[in-house]
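Shared chain: chain A. Partners: chain B in the first complex, chain C in the second.
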Partner chain A sequence: MDRKRLWHIFSRGLEYSITFFLILIINFFIPRTMPGGPLLSITGSQNADLPVVLDEETKYELMEYYHLNDPLHIQFMQYMADAAQLDFGYSITHNIPVLDIILGRLPWTILLMGSALVFSTFFGIALGIESGWNRGRKLDHALLMIMPVLRSIPPFFLGALMIFVFSYRMGWFPLSGALTPYIDYTGMADQVRDIFSHLALPMLCLAAFEMPGTYLLVRNVCVQQMEKPYVLMATARGLKERNIKKHVLINSTVPVVNQIAAMLGFLVGGAVFIETVFSYPGMGMLVYNSFIERDYPVLQGAFIFMSLCVLACNYAADIACSYIDGRAGQE
Partner chain B sequence: MMPVLDIQGLTVDFSTTEGIHYVLKNVDLNVNKGEIVGLIGESGSGKSTLAMTVLDINSRNRKRSGSIRFMNEELINAGTQRMRELRGRHIGFVPQSSMNALNPLVRVSKQFTETIKDHINMPAQQMLELTEKTLEMVAIDPSRVNSFPYEFSGGQRQRIMIALSMLLSPKLIIADEPTTALDATVQSKIIDLLKEVVEQKHTSMLVISHDLHTISRICDRIYIMYAGRIVETGSTEQIMHHSEHPYTQKLLASRLPLMSEHVKVKGISGKPPSTLMEYSRCEFLERCDRASVICKTKRPPECIDNVRVACHLGEGT
Partner chain C sequence: MKERALLQRMRSPKGTAGLIILSFFTTIAFAAPVLAPYYPSDVSSSPLLAPDRDHPLGTDDVGRDIFSNLIYGSRTSLTVALVVSLGVLVIGTLAGVFSGYIGGKIDRVMMRGVDIFLMIPDLPLILILAAYLRPSIWNIIFILTVMGWPVGARITRAQTRTLRVSGHVNFARVSGASNWCVIKRHIIPDLYPIMTTTIVMQSIRAILSESGLAFLGLGDPSYPSWGTMIKYAISYPLVFFSNAWMWWLLPAGICITMLVLGFVFVGQAMEGDK
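Now for the complex of A and B:
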């Protein structure tokens, strides 16, 4: 049984590694199939107001410097070797290593994403179970009305609204950013308080957008599970209502864990809107700005990190599910 | 002797979008201490509804009247809290679908101990001992107590369900189609096990089934149910050898012959009547060979007090 599980975990790991390898390859080729070229992004369009004119020798030197004169397969080997060392090159606009930029942004995104996910998952599950359990009653009807409405509000609009009401009018929260700039903290507690007051609005905004999905999933799974014979039997052997709910909850976890893993991936992308609205220095803002600046190395590096994050989350979910439900992967 | 379970005039109906389903109609049934009582009927006749109404686990859209007395306590107005205390503690239940009646993701040991915990205070070690002892009684290796339900076969799972139902030595066990999902060889072993449980645990049992022949082996008395009514009742001997209601006789005749080769199996033609309406005639009318004019105009007598057969033709026909 445990050997079966280990084998399951190992083979899934292998599958994800192959997927990641394919992503690396695509990440290498996609920019090279796009129109234009690295030189063009350095010099700018020849139709621009002030075209940068390079002589042939400089062009050749530049191409040589970036190994762009090498055959494609040599370039690819070089790219893979660099990727293995987490070397994604230099940012074109900032001229510092891509890895440093990403590592500087990652903690903020993880803080924002993570707290929003914990918040939305906790309330999504709690409300979903209550709703499913009391199916057809007032609470259920009310939640079924509110949740889709919440989901339908575009996050950037909700974000802007929140900033207007809570930051601008009420003045309860700072307007933007993740920290108050140029401030001397009086201590650890002060710094934490500052971080959280900046985090609160974007986190709530993100959570409000994510919660309805979790809620609806949990409610539906819960309603389905309640029809199952084991719930009837749990009632028939006189379990307390709280304990019957636990049985339903355990059986609802597998789809929920998978859903959350999938959401983690989307949160990195979905945070683009919210991070931009709140000027939160996370990965989303980085990607957004890099797009505008056509900072290809940063984009490539960010995409690799995001795919790695999505794959790692799914892999973690697979492992978690195999522990929750021993039947998983044993067919 | 005071009956363990005494049901009188139990009428149950459910309001649905299709209309009102009249499922149980004026049912009288009792189970005495130490007795095994069979309740036989085809699917849709209301026998499972009876079990679930006694346990009060089908309250959604339900209306019920009459009296259900368990150990002299009226259950119809017992309240949800009292009913929860009774379920599992004093009334055990063996469900129809044993295959899925255990939570697939929770270890068997946990499902036993949580049942104990919600009813009586007991140290953890003692709970485990009781669980192992009970599993041993139904011939399940107690060393497998920490396995998951899907690691057992269908027959083993049904044994586990029986163990779970008798865990707290209830005064009454209701077994709802305990053998239906099992193959024939396992069926007879489970039937014998039920009898053993009643004897060893000094309890009583109401066995619900559609299979008169299989169940009759262990029953002291049998009730035959048709379209939500008891149509005949009596000792197993009376039912099996001196049955009087045309429906019982047809049930007995529809048995698969064991030895003869070219005998056509007699089923009962026709369908049971719809539960969506009330009848002022005999409900078995369309499927009865011996129906007469009175059967179309008047309801047959009810199986109450000393009336054994609910048929206009009366006893001795």
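Now for the complex of A and C:
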């Protein structure tokens, strides 16, 4: 039993490593195979109003400087060696190491995505159970109408509406950013309050984007669980409704762990839109800005880092699942 | 018999509502030249007009008629949804049926590949690709199809596996039917429900992604898009201080939401929700 689990954890780990290796390869080949060639970021598009013209000698020197004249496999070895040391080069616009930029942004994204995930999972499960338990009643119908609408609103539109209503009109929350600039905090509590007042809207927005998925899953599983004999048995034994609900709740939450892991890549996408709308200084905003500035090293470094985070979380969820549900990985 | 069951389900309130929404937008897309008073890229009007008789929803900051842009935007959204969902359907079904029917080692290798594909966070990759490629509608369609087909392949493959060992398929094989014949006569028809679900799900994804990419500035500038309209609306500094948000920001967002909701309702009705 335990050896089987270890084997499962190991083989999954191997799979994730292969996936990550593949992502590194994709990342290596994208700039080298795209039309325009790797010097495009320096020369700019030839269709631009003022194309930068380089003579052959300068071009050769530049290629030599970036080791682009080496054979492909040597370039690849060099690239992998750099990647292993988390060296993604220098940002073109900011002229500081890509890693420093990313590490400065990462905590904000983790805060935003983590809090949104906790919030949406908690309410998704709570609402899903209530809805499934009261199947066919008013609450269920109302939720079944609201959730699809919530799912259909594009996150950037919802974000714009929230900024308009709660920041411009009501003035409850700040307009953008993660901290009030140039502020002197009077104490720890003050700082925490500032962070949370900036976090509230983007967090709600991201949670609203993720919640319908969790809700629908929990509701469906809950409805299935209600048909199971153990619920009938518990009712027949005269257990209180609260206690029966607890059993159903525990059995309905197991698939959620898997689902959250599967949703992570999707959630990263949502975070890009929401951080852009709220100017929240996380990874999503970084990706967007470096896309606008055509800062290729940052863009690619961020892609690698985000993929790494998603894969690591997926792996963690896999391991967690194999402990929660003894049957996982034993087919 | 199956078609009748599907029709029955579409008669439910959700199915009807979804179909009405979808046919509404399809009609608008087809009749766009008749309905729109201006050409979408026509900048001859003065900018930032409030709604009046000539401009039902006013004009934007460069003098384009918002109402006309809104109407032509439905064409972009529906085209992307149609092409991407059909592309994913064809590639995904072919790959899924092939992998599931052959089974064995090839199947295992293919599904590992699909799993790997599914784990790559798509939006950052799309942004990288788009930063290198020219923003054009065909590039967007291409990227969305490439990132989408593994989902279709996974579902199709699972169903094919189940069908492969079911009685009627075994019987057909024992009776000497060729592989191609079995796939065509007995497997593909049983995949119709999954195919329709794939089309609906991929359309939702395509519409949201297209408007999202357009919002980020990755859209094709030569096609009017609802996402682009939202982008320009909120980057105009005074949009929230005047009433402009009412006719500039809101209609575009509502259009995206309604169109997606139409697909969501149809999808739920197909799965048997009332």
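Worth pointing out:
In the analysis below, the second predicted complex is superposed on the first by the 313 of 331 C-alpha atoms of A that agree within 3 Å, B and C clash if a C-alpha of one lies under 4 Å from a C-alpha of the other, contacts with A are read in each partner's own complex, and residues count from 1 in each chain.
The definition used in the following text is that contacts are C-beta pairs under 8 Å (C-beta built on N, C-alpha and C of every residue); 3 or more make two chains touch, one makes a residue touch a chain.
Predicted model only: the values in this text are computed from it and were never measured.
By the document's definition of touching, neither partner reaches A:Phe166: not chain B, not chain C. After overlaying the two complexes on the shared chain, residue contacts for A:Ala302 are found with chain C alone; chain B is out of touch.
By the touch criterion defined above, A:Asn243 lies against chain B but remains apart from chain C after alignment on the C-alpha atoms of chain A. When the two structures are aligned on the shared chain, A:Phe157 is found in touch with chain C, with no touch to chain B.
Using the contact criterion defined above for the overlaid structures, shared-chain residue A:Val149 touches chain C, although it does not reach chain B. Of the two partner chains placed around the shared chain by superposition, chain C is the only one that A:Asn314 touches, whereas chain B remains out of contact.
Contact comparison for chain A: of chain B and chain C, C touches the greater number of residues.
By the touch criterion defined above, A:Thr19 reaches chain C but does not reach chain B.
Per the touch definition, chain A reaches chain C in the complex via residues 15-16, 18-19, 22-23, 26-27, 30-31, 34-36, 40, 144, 148-149, 151-157, 160-161, 163-164, 168, 264-265, 268-269, 272-273, 276-277, 287-288, 291-292, 294, 296, 299-300, 302-303, 306-307, 310-311, 314.
By the touch rule above, chain A contacts chain B in their complex via residues 228-230, 232-240, 243, 247, 250-251, 324-327.
Partner chain A is touched in their complex by these residues of chain C: 112, 115-116, 118-125, 127-133, 204, 208, 211-212, 215-218, 227, 230, 233-234, 240-241, 245, 249, 252-253, 256-258, 260-261, 264-265, 268, 273.
Of all residues in chain B, only 55, 57, 84-89, 92-93, 95-97, 99-106, 114-115, 118-119, 148, 150, 161, 164-165 touch chain A in the complex they form.
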